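Below you'll find the structure, written out as structure tokens, and then a few comments.
Think of it as A, B, C, D, E and F in the order they're written, each chain with its own count starting at 1.
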Amino acid sequence: MSVLVIAPHPDDEAIGCGGAICLHSDRGDRVVVVFLTSGELGLKKVSRERAWAIREQEARAAARVLGLADTIFLRLPDWSVGEHLKKGAALLSPILKREHPGLIYLPHASEWHPDHQAAWPLVKRALSSVRPERFPTLRSYEVWTPLAAWDQVQDISTVMPRKLRALRAHRSQLDGFDYVAAVKGLNQFRGALAGRCRYAEAFGEAEPHRPSRHSSRTKP
Amino acid sequence: MSVLVIAPHPDDEAIGCGGAICLHSDRGDRVVVVFLTSGELGLKKVSRERAWAIREQEARAAARVLGLADTIFLRLPDWSVGEHLKKGAALLSPILKREHPGLIYLPHASEWHPDHQAAWPLVKRALSSVRPERFPTLRSYEVWTPLAAWDQVQDISTVMPRKLRALRAHRSQLDGFDYVAAVKGLNQFRGALAGRCRYAEAFGEAEPHRPSRHSSRTKP
Amino acid sequence: MSVLVIAPHPDDEAIGCGGAICLHSDRGDRVVVVFLTSGELGLKKVSRERAWAIREQEARAAARVLGLADTIFLRLPDWSVGEHLKKGAALLSPILKREHPGLIYLPHASEWHPDHQAAWPLVKRALSSVRPERFPTLRSYEVWTPLAAWDQVQDISTVMPRKLRALRAHRSQLDGFDYVAAVKGLNQFRGALAGRCRYAEAFGEAEPHRPSRHSSRTKP
Amino acid sequence: MSVLVIAPHPDDEAIGCGGAICLHSDRGDRVVVVFLTSGELGLKKVSRERAWAIREQEARAAARVLGLADTIFLRLPDWSVGEHLKKGAALLSPILKREHPGLIYLPHASEWHPDHQAAWPLVKRALSSVRPERFPTLRSYEVWTPLAAWDQVQDISTVMPRKLRALRAHRSQLDGFDYVAAVKGLNQFRGALAGRCRYAEAFGEAEPHRPSRHSSRTKP
Amino acid sequence: MSVLVIAPHPDDEAIGCGGAICLHSDRGDRVVVVFLTSGELGLKKVSRERAWAIREQEARAAARVLGLADTIFLRLPDWSVGEHLKKGAALLSPILKREHPGLIYLPHASEWHPDHQAAWPLVKRALSSVRPERFPTLRSYEVWTPLAAWDQVQDISTVMPRKLRALRAHRSQLDGFDYVAAVKGLNQFRGALAGRCRYAEAFGEAEPHRPSRHSSRTKP
Amino acid sequence: MSVLVIAPHPDDEAIGCGGAICLHSDRGDRVVVVFLTSGELGLKKVSRERAWAIREQEARAAARVLGLADTIFLRLPDWSVGEHLKKGAALLSPILKREHPGLIYLPHASEWHPDHQAAWPLVKRALSSVRPERFPTLRSYEVWTPLAAWDQVQDISTVMPRKLRALRAHRSQLDGFDYVAAVKGLNQFRGALAGRCRYAEAFGEAEPHRPSRHSSRTKP
């Protein structure tokens, strides 16, 4: 299976679905992460280009830990994804055509950060221009805003150490607050609630309303 | 597979998921419909008991067309399901224990009728007291309020004649307006949008937020 | 009476309110359709200019069937209306001044397509700059997302054949799925529910909250 | 025309639509107010029966000022209307049959008080059992929670003194805070915004989604 | 200061605001917990009375750890608080009069469990009948549904061991899943996000809309 | 204390929180108003530059009445703030750094005007880039859309004459409708409801969900 992960900034992929990515890649699925921005506003006092270089290098280091097949950087302006949906969708469309993913991970719609909120409109637009034969399954992940309503949990206990290593690869981001502790805390909460697993990731749906022609056909 | 259909009144089961029921029963699934009320307010100028007798008889006639394994009548008061959640859940719980359904159909949460809106709180309560080992999949159907956001469509072209026959079995309800035409219209709309099918039923999710312990475990 | 129809793309006018338009023009009302985009993304493998030519020609053919007094093409970029509200409102304002419509039809706010969602913000902005003496009545129509809550239905049985002919005039759009069947299905559903009419269109309100100075004065 | 006003407690009718009532009765419309409760919790240290007597007497005094044709007291328990929808609807139904109102005023759905929130479910239920040939127009009024989105304003400048006199007739309620000042303030705000009128009442819609069979038919 | 905690079931007080309670009681605040139900459905195969005895004893053991001044058991039926608002408010009102709390903790409105959702309507009703001179501050806590939007966090690192001891005092509830791990995980997530604290509790507002007469007066 | 007021157009500051500003400046707080636009669309038939000159002069006259320490004009395009969030935030950020306000006033999120709706996204973005050590308190004010849910009221009786004088300083805006009457009406409504004060302003919260690192720490 081909899996696509939409990450507004480097580190969102590890925080939100790093465990699921490990499990996918261990199963032999091809997992590609598309970074909408390269997070230049997450670094102070360096040029945009320098910030890109640093964060993309970190993202590639994290990618090796997660077992990604590829990382793609769209370099939309940080904090302004919502104002560049057209450009973003134009950049994403050929990737959708090439990868034709069966499953797409993206941030959920109630995330606090406007770039996270912009992910689904951007993906929706790209999907509409591509019109894939088979509409991919959409799974939304949580970064810093917990999902109030979730749909599925994924036991990630066995790959938690790798997830945390991937997280730590984004080292320029680690000094604001202890976000390894934050991620461990939330994943432990999800795991304990789900029952009998130490760490879990929770997922919701991106948007239940599918475009015409693309509603999934159920078997009875 | 065991399938449970929650119908607030006789005829909701045929309108909302009559096609899906036919396909289930043709596949050999055991399908049971639980009627929350027996729709006594849908008949004028007869006693409640007489109304129950008429509508339950019609429901059983429809059941034969749909291929149901069983029909169960809880006889909650029509238009007052929301005020009898405790009693309704107490009546539903042993049925859940006996049938342990893998899939439950029920009206969606935005339906106009308050009895339809009350279906999910009632089912949620019953499920919580039963605590099934495996939490059933929930699929919500549309009666007279179209789903603005839907999740899945089911091609029911092959069984549409049977669905309509089941609908017509609820004959005491047919004189208000041409509801065979209404149902055919909506199912044709769903089918055409889905592409390449004449008639379809659309389904949403009952509520994405699962109780602790019951979130479905995904495979990566 | 002067009636204005806001259509994000050619064919939305026919799908959403083609029947109402026929009835208006038959009564002698002046009906003008403003197409926000000329739907260039609805045609694959042709230049934007070529796509415009094709779809505008189809729109004019449909206009003749519907009895329109005029068609106006704003040529905002397809799928990007929301990013061009200022330009769109600037183009719409002189039309509002010239036509001073008593009634405006536009897509409802919960439509799936972002261009449909952008119609009301665009119209609201243009109305605010024009400040008409008499604020027009707003009526929102449904395209592919059914209105969950509707306000009025219009019996269009007598003009249904013309509506369908107008629909078929948009011939470049007809091969994706059977959208004549879709439209017939939904209009039949609306008609049957309304009672005693074969086909109907349903309408909601664009936004109940009127700007200061423009709330409609009721008679007691 | 026959007009029905649903007031959860004595004084809501005067606060929310006292001006409109005056204008209706001056035009010769028959206006009847149905009080869901007689507001026994609004009086401290008297028996329920004594409180009923006092407040109903005040309501009848206000009625004479407003020009009501009749006042009807359902005496549902104060603060518990939502738990007595069945009984309330059963009491309201014969009134609907007798009065067959063309217009019904009731509190809007976002009012803070749970009895106000319960008014629409109660009316909806009664209307559904009665199934009037012609579905009445519904107009929702504001008591202490201003309508964030309003639909219509009614100039009540000429009858404002009478509205205030009716308000003051509910004298047992006047000592909590200066609610004549509150009502004058809000009506002045509505009037000034509407332009060129000193006092106005604002109204919204009770619920745009009409039951099947009852959607109002528009003329094109 | 007098602090009141509304807990739908024994253990909600410890999970949702056990840390804050410890800090309050350490400061000398008088903290009283009102248990709406005694959680009889949380114990299988024992009589209601036996379940009450067990869970109330556990609640009193937890109370000693938390330093509560008092525990009060209203014994409303478990899972049915929403159907007993009148009775519950009547039981709560004298407690409000006696304690006149300056601060009330209660579950937030989006909690999954219907008894948690019913807490605010019950408190609102009791407050309205009591009409306290000074309206208390309301703080809503999270049990198993994380707050998607939170307002304040409370560093509870120093009292976390006591909170966990109080949690473990509800021993009849501990075997379903590892809820000590769940609580530790969520509090660690809140603490890490807040920055520089190991464990924290997050709080939202119960309902921003205050009744007339009770809006808090701000200082400029 | 340093107080910042975000006003989309000149006059919003006086309408929404002119009374609170007077009280702040009387207490010795430093109050600065940032005007997002200079309201060029509020003047007909003059050039944009001329309109800016007129309205900024009026704003400065109002500022003298209110006792402001400074007025800052960002001159974003009127009616287009939402399309210039990036530029607006870049202009606001150095102001936040310089003033480090403890309290920010801004329009509430449900205001009808799109520029008012855009205020919070703009402020949120600027705050995120600045990352203040202490996150300011946010208080949202009402202009022409009343707050349906409010959080606090401020008695402004003593400074009402000054508020109205500040309002009248925006003289180019006064001829549309009697907005002094509108403001007096709404403030009288708020004051009467709050009890024992003639005029009051009501405030809500901008958005309860704080960014990570910035949740306010409560004392127990």
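The working rule: contacts are C-beta pairs under 8 Å (C-beta built on N, C-alpha and C of every residue); 3 or more make two chains touch, one makes a residue touch a chain.
Because the structure is a prediction, the values reported are computed rather than measured.
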{"item": "Chain-contact steps, minimal, separating subunit E from subunit C", "value": "2"}
{"item": "Chain located farthest away, centre of subunit C as origin (C-alpha)", "value": "E"}
{"item": "Chain pair with the higher count of C-beta pairs in contact (B-D, D-F)", "value": "D-F"}
{"item": "Centre-to-centre distance between subunit D and subunit A (centres being mean Cα positions), rounded to whole Å", "value": "52"}
{"item": "Geometric centre distance via CA averages, subunit B-subunit A, whole Å", "value": "37"}
{"item": "Subunit F, residues touching no fewer than two other chains", "value": "83, 144-145, 148, 176-177, 182, 193-195, 209, 212-213"}
{"item": "Contacting residues of subunit D [partner subunit B, same complex]", "value": "83, 85-86, 89, 121, 124-125, 128-129, 209, 211-213"}
{"item": "Subunit D-touching residues of subunit B, taken from the complex the two chains share", "value": "41, 77, 79-80, 83, 112, 114, 144-145, 176-177, 182"}
{"item": "Touch list for subunit E against partner subunit A, complex", "value": "110, 144-148, 176-179, 181-182, 184-196, 198"}
